[in-house]
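As written, the chains take the letters A, B, C and D, and residue 1 is the first residue of each chain.
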Amino acid sequence: MGKYVFKRIIGLAALLLGITIITFSVIHIAPGRPTDLEAQFNPKVSMEARERIAHLYGLDKPLHIQYIEWLKRFARLDFGISFMDSRPVMQKILERMPITLTIELFSIILILLIGIPIGVGSAVKEGSFYDRFMTVFVFIGFAMPTFWLSLILMDFIGVRWGILPISGIKSLEFEKFGNFEKIIDMSKHLILPVFVSAFGGLAGISRYMRSSMLNVLKQDYIRTARAKGLREKDVLYKHALKNALLPVVTILGLSVPGLIGGSVIFESIFSIPGMGRLFYESVMARDYPVIMGVLVIGAVLTLLGNLLADISYAAVDPRIKLE
Amino acid sequence: MLLQIKNLKVGYRNIEVVRGVELNIDKGECVGLIGESGCGKTTVGLSVTKLIPERIGMTSGEILFEDKNILKLNPEELRNIRGKKISYVFQEPFSSLNPVFTVYEQIREMLEKKNNIYIQIAEILKSVGLEKIIGRKNVYPHELSGGMQQRAMIGMAIASKPSLVILDEPTTALDVTIQRQILDLITGLKNKMNLSILFISHDLRIVFSIADKIGIMYAGKIVEYGTKEKIISSPSHPYTIGLIDSIPSFEHRKQLFNVIGGKAPLFSELPKGCKFYPRCRFRIKECLKKEPELKDISADHFSRCILTSEIAARRLPKQNRSI
Amino acid sequence: MKLLKIDSLHKTFKKHKVSAVDGASFSIFKGEVLGLVGESGCGKTTLAKLILRLIDADKGSIFYKDKDLLKISHSDMRKTRKSLQIIFQDPYASLDPRMRIGEVIEEVYDIHKNVTGREKKNKAIELLETVGLGEVYLQRLSSELSGGERQRVGIARALATDPEFIICDEPVSSLDISIQAQILNLLIDLQKRKNLTYLFISHDLGVIGSICDRVMVMQSGKFVESGSCETIFRNPKHEYTKTLLKSALLS
Amino acid sequence: MNKLTIFGICIVGFFIIIAIFAPIFAPYNPGQIDIENILTAPTSSHIFGTDSLGRDLFSRMVYGTRISLMVGFIAVGIASLIGIALGAIAGYYGNWVDGIIMRFIDIMLCFPTFFLILAVIALLEPSIINIMMIIGATSWMGMARLMRAEILSLKERDFIYAERAIGASDFRIITRHLIPNAMAPVLVSITLGIAGAILVESSLSFLGIGVQPPTPSWGNILSEGKAVMGAGWWMMLFPGMAIFITVLGYNLLGEGIRERLLKS
C-alpha cells in the first residue's frame, strides 16, 4: 500500500510540473503583457515606471528563465502579489478556498446521498413508472443550465417568496448573533448554492449508478447468487451493489474539476466570496498573478481528488493489487 | 423419480425456444443433455429452479421435484430449494464467482448451520481438491486458476448437500487436462454423495464419459433419449447419427462421413413438420406432414423420427467406429 | 521439399515477462498438414502470428523460398504475404463488422491491384462458391451470418490471394460440432484440390488427429514432442503428450 | 426507436431550421431599438416581449439560435478533430507516442475546464471565433480517450490481423477499419459535446465574457434579464428555456445513438 501511494505521488509530481508549464504558457504566449494592464489602472505610469514593473516581475528576461523563477517561487507557495490590491496571491486564495470547498463537499455528499439511491432504484425497477419518471428527471437535470436554475431560484425563493437569503454567506447582522444562530444563518445562505452546485452532478451520478447497476445485474455472478437461493435483498444490495459502486468512486474523482469550474457561475450569481468568484474578478481585472495562482491551485485540488479516488478504489477493489 | 420435467415450454418475447421438453432424473443418476448452441438446453437447466426472470421468459408445463411443482412455488419456497436441494455449476467459473467477495465468504453463504463454519468450509474445500486454500480466508476468485475457480464453484454447489446438481457446460471454458480433472472430481462426488446430476454440454465425448442417460436436443425439443449404451451403440435419430459421426478423431482420418449439412434453423423461422427435415439425409415427404412424437424404440430408448427402424441400416459405414 | 524453415524463433511480451515462444525451430514441407497442439496460453497463436510477421519476433529466422521473412523490407513482405495466409479462430472477430461480404473479398484485390472492375466481382463469386456460399452472400453483412458461414468467408478471403501456405489457427474450435465437421471437410477438400500446405493449430487432439500428417506438441512456449501423427497418437514419448492424450477422452 | 430519442431529434431539427432560416422567422431586425416600447410583456406584435432597449425579444432569440448552434458545432468539430486524431495515433502506435499523448491528456484533465476557458478569454478578446476555438481546444480530451480505448481493443481483434495478412497498409487499416469501427462511442460523445459547448458558451455570455452585445446570444439575453429581474420575467424565461430545450434535445439524441450503436 505504502509503495503504491509513493509511486502515485511520484507520478503526481510529474503531472504537477505539466500543470505549471501549461499555466505558464497560457498566460505568457497570449498577446499583450501583464504590465499593459497594470499601467491601464494607472495611466500616469510612465514608460520608465513600466519597465521598472516589468523588471520587478522579471518580464524582461527570456521566457524559460521566467518560468524557472516562477516555478522556484511556486515551490515556496509564493504566487506573487495581486495587481488589484497588492496582497499576496496565496493569502487571497487561502481566504477564499474554505468557502468553495465547504460548498463542494456538501454538494458531493448531497449528490451521493440522493444520486446513488435514485440510480440503484431505477436499475432494480428497470422499465417501471419510477424508472421512467427518474429518467425524465435525470435528463432535465443534465440540460438545466446552472445559471438559469440559480436565477429562477433566486427570483422565486429569494425575491418573491423571501424564504431564503440570496446573497453572500452571512447576514449583515451576523456578528451580533450567538454561535448557534451563526450556524443557522450560514446554513440558510448555503442552501441554494449547495443545491445548485449539486443539481447537475446529481443527474450524472444517478444515471451512472443506474447503468453501472444494470450492467452488474446482467453478470453471471448475479445468476449464481440467485441460484444459490440467496434472498433477493442480498442478491441486490450485497452481491450487486458492491460491484456497482466501485466505478462510481472513480467518477467522483473525475467530477472534481467540473464542480470547481462550476463554482465561478453560482458564486458570482449568489455573491459568494469563494475561489470561483475570486477567479472571475481577477479575470475581469486581468490580475495575472491571481489567475495563475487559482489555475494551479484548482488543478492541484483536482489532482488530489483523483489521487484520493484512486487510492480508495484500490482499497475497496480486491482485484487491484497494491504494488 | 427425483425430478420430472413435463412438457416444459419457455418463450422469450413470444418466441418459444423450449418447445415441450420431457426429462426424468432418478436419484443418483446422471442425465446428459446434449445440443448445439442455441438449441435451448441452457434454458431447460435454468428453468428447473425458475431462474429465468418472469418478465423475460414465459414458462409453462410442470417441473416436479420431490412431487412438488417448482413452477408453482412462491419466491420463499423457491429459495428453500435453490442452492439447498438443487444447485448449479455454470460454464465460466471466472464470471460466475463474485469478484469482490472472498471464496470463503461465497461458500459461507451456502451453509445453513452457522456453527463451526470454518470447519465446515475446510471440509468442503477438501472434498473439491482445494486443500491449498484451507485457512486462507482472504483469497479472492481472481487469485485462483480457472480449474481452481471451477472447483470453488463446485464446492459452493455441494456445500448444502443438495440432491440434484445442474452442471451447465462446466468444463467448456477449461483446458483439456483440467477438464479431465474436473470431470473426475464430479464423478467422485456423485458416487460419494449419491448426487443426481443434469449435465448440459455440447460436447458428446464429455457427456458419453460421464452420463448414465442422454437426451439430445434439437430446436427446442428432445429428439432422442436413451441410456448411454443405447445412444452410442444404436443411435436412431438422424441428428444423433450425424453428431456422432462428426466427432473428429485419429481413428477415422481425413474422412468425415454422414456430416450434417446446412445450419440450425432460427426459432423464429422453424420449418414445418420435422424440424430437422431441411438438414436430414434420410428425409421423405412424410416428414413434412407433422412434427413427429417421441416414440419408443426399445426399453429406455426414444426417438422423434418416423423412420427410426430404417435409418440404422442406411447409415454410411465407417471403418473404425471408435465410440 | 521444405516450404518454410523456422529457426530458433523467440518472442517475449513485455507485460508477461515469460517467453510466449521460446526457441521454436521446425520445417514445413510442401503439401503437408502440420499440426500444432497445445493448451491455452502455450504460445501457439503467438507462433502463428510471428510466422506471418503480424507481430514482430525478438529473434530467429523464418526462411520461405530462400528469403528470411524477418529480414526483408516491408514492401517485399507485403508481396510475399500473398503466398502465406491465415484463418482465424473466432469468426465473430475476424471479419470487419461494418463490411459486406463482397467488400471483404474484393478488398484483397484492391490492395494487390491485380484484378479490377467486373472481374473482381466474378472472382469473389467464384471464391464464395468454392467455400460453399453463393452469390447471394455478396451483399450480406458479416453480422447477419452464422459462425460457420463467417468461417467460410474467412477461408474465401485467405484463398483470394491464391496462397500456397495457410495457417489455420483453431479454425473450428468455436463452432458447433456439426458445423465443425463441415468446415473440416471443406479444409481437407481444399488442401487436396489446391495442393495447399497447412499449419493446423488446435487444442483438440481429435481434430488434429483427423486432419494432420505430422504433429508438434507445445507446452509453455516450447515444443515437447513432434513426429508423425501415427507415432504421437500410438506411441507418445513425452509425459505431457501422454497426459494430453489421456485427457482428450479419445479412449 | 425510443420515444425520447424521437423527441430529441425533433428538438435538434427544429432549432437547426430556425438557425438556418433566421431572417424568415424573425419579424423584426434584432438590433432595432424602439424607445417607445421598452420592456413590454409579450403581446401579439411582440410575442416574446421586448428588452430594455425595446428590441423584439423573439427576433433576438431567433438570431441567438444561430450563434449558439454555430458555436456548438464548430467548437465540437475542432474538439473531435483533435480528439480523434490524437486518440487514434496514441492507440495505434502505443509505446512512447501513447505515453506522451496520454500524459498530456492527464494534465489537461486536471484543469477545471471552465477556469481555463475564462483565463484564455481574459487574454484574448472575447470574439465568437475565439470562443469556439477555446471551447474546442479544451474539450477534446474525453473523445481522445474514448478513441484510444476503442482502438486499443480493436487493434488486437483478428480482423485487423487479417488485414495485415492480406497486405493492407497502416494507413488503410487506421482510416478504413479502425477509426470507422471506433466511431460509435465517439459519436455519442460528439452529440453530448455539442450540448456541453452550447452550455459553456451561454455561461460565458451570461457572465459577460462570451458573445458581446449587441450581437444577441441566449446567454447574454439572459444576462440582461438578470439585470431587470422582477421587471421582465420574459427576458429570463425564454432564453433559459431555449438553452434548456436545446441541450435536452442533444442529450436525448446522444442517449438514443448510444442505445442504438453500442447495444448492437
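Going forward, a residue touches a chain if its C-beta (ideal position, glycine included) is under 8 Å from a C-beta of that chain, and two chains touch if they have at least 3 such contacts.
Everything numeric in this text was worked out from a predicted model, so none of it was measured.
Here B-C and C-D were compared by C-beta pairs in contact; the pair with more is B-C. Work out the mean CA point of chain B and of chain D, and you get 54 Å between them.
Chain A and chain C, compared by their mean Cα positions, are separated by 54 Å.
Chain B and chain C have Cα centroids lying 32 Å from one another. With centres set at the average Cα position, the gap from chain C to chain D is 48 Å. Contacting chain pairs (ordered by label): A-B, A-D, B-C, C-D. Contact residues of chain C toward chain B in the complex are 39-40, 146, 148-149, 176-182, 184-185, 188, 203-207, 209-211, 229, 233, 243-244, 246-250.
Taken in their complex, chain D has these residues touching chain A: 4, 103-104, 106-116, 118-124, 195, 199, 202-203, 206-207, 209, 222, 225-226, 229-230, 233, 236, 240, 243-245, 247-248, 251-252, 255. Chain D makes touch with chain C in their complex at residues 157-159, 161-169, 172, 177, 180-181, 264. Against chain B, the residues of chain A that register as touching in their complex are 127, 219-221, 223-232, 234, 239, 242-243, 246, 316-319.
Partner chain C is touched in their complex by these residues of chain B: 36-37, 175-177, 179-180, 202-206, 208-209, 242-243, 245-254, 256, 259-261, 263-264, 279, 322.
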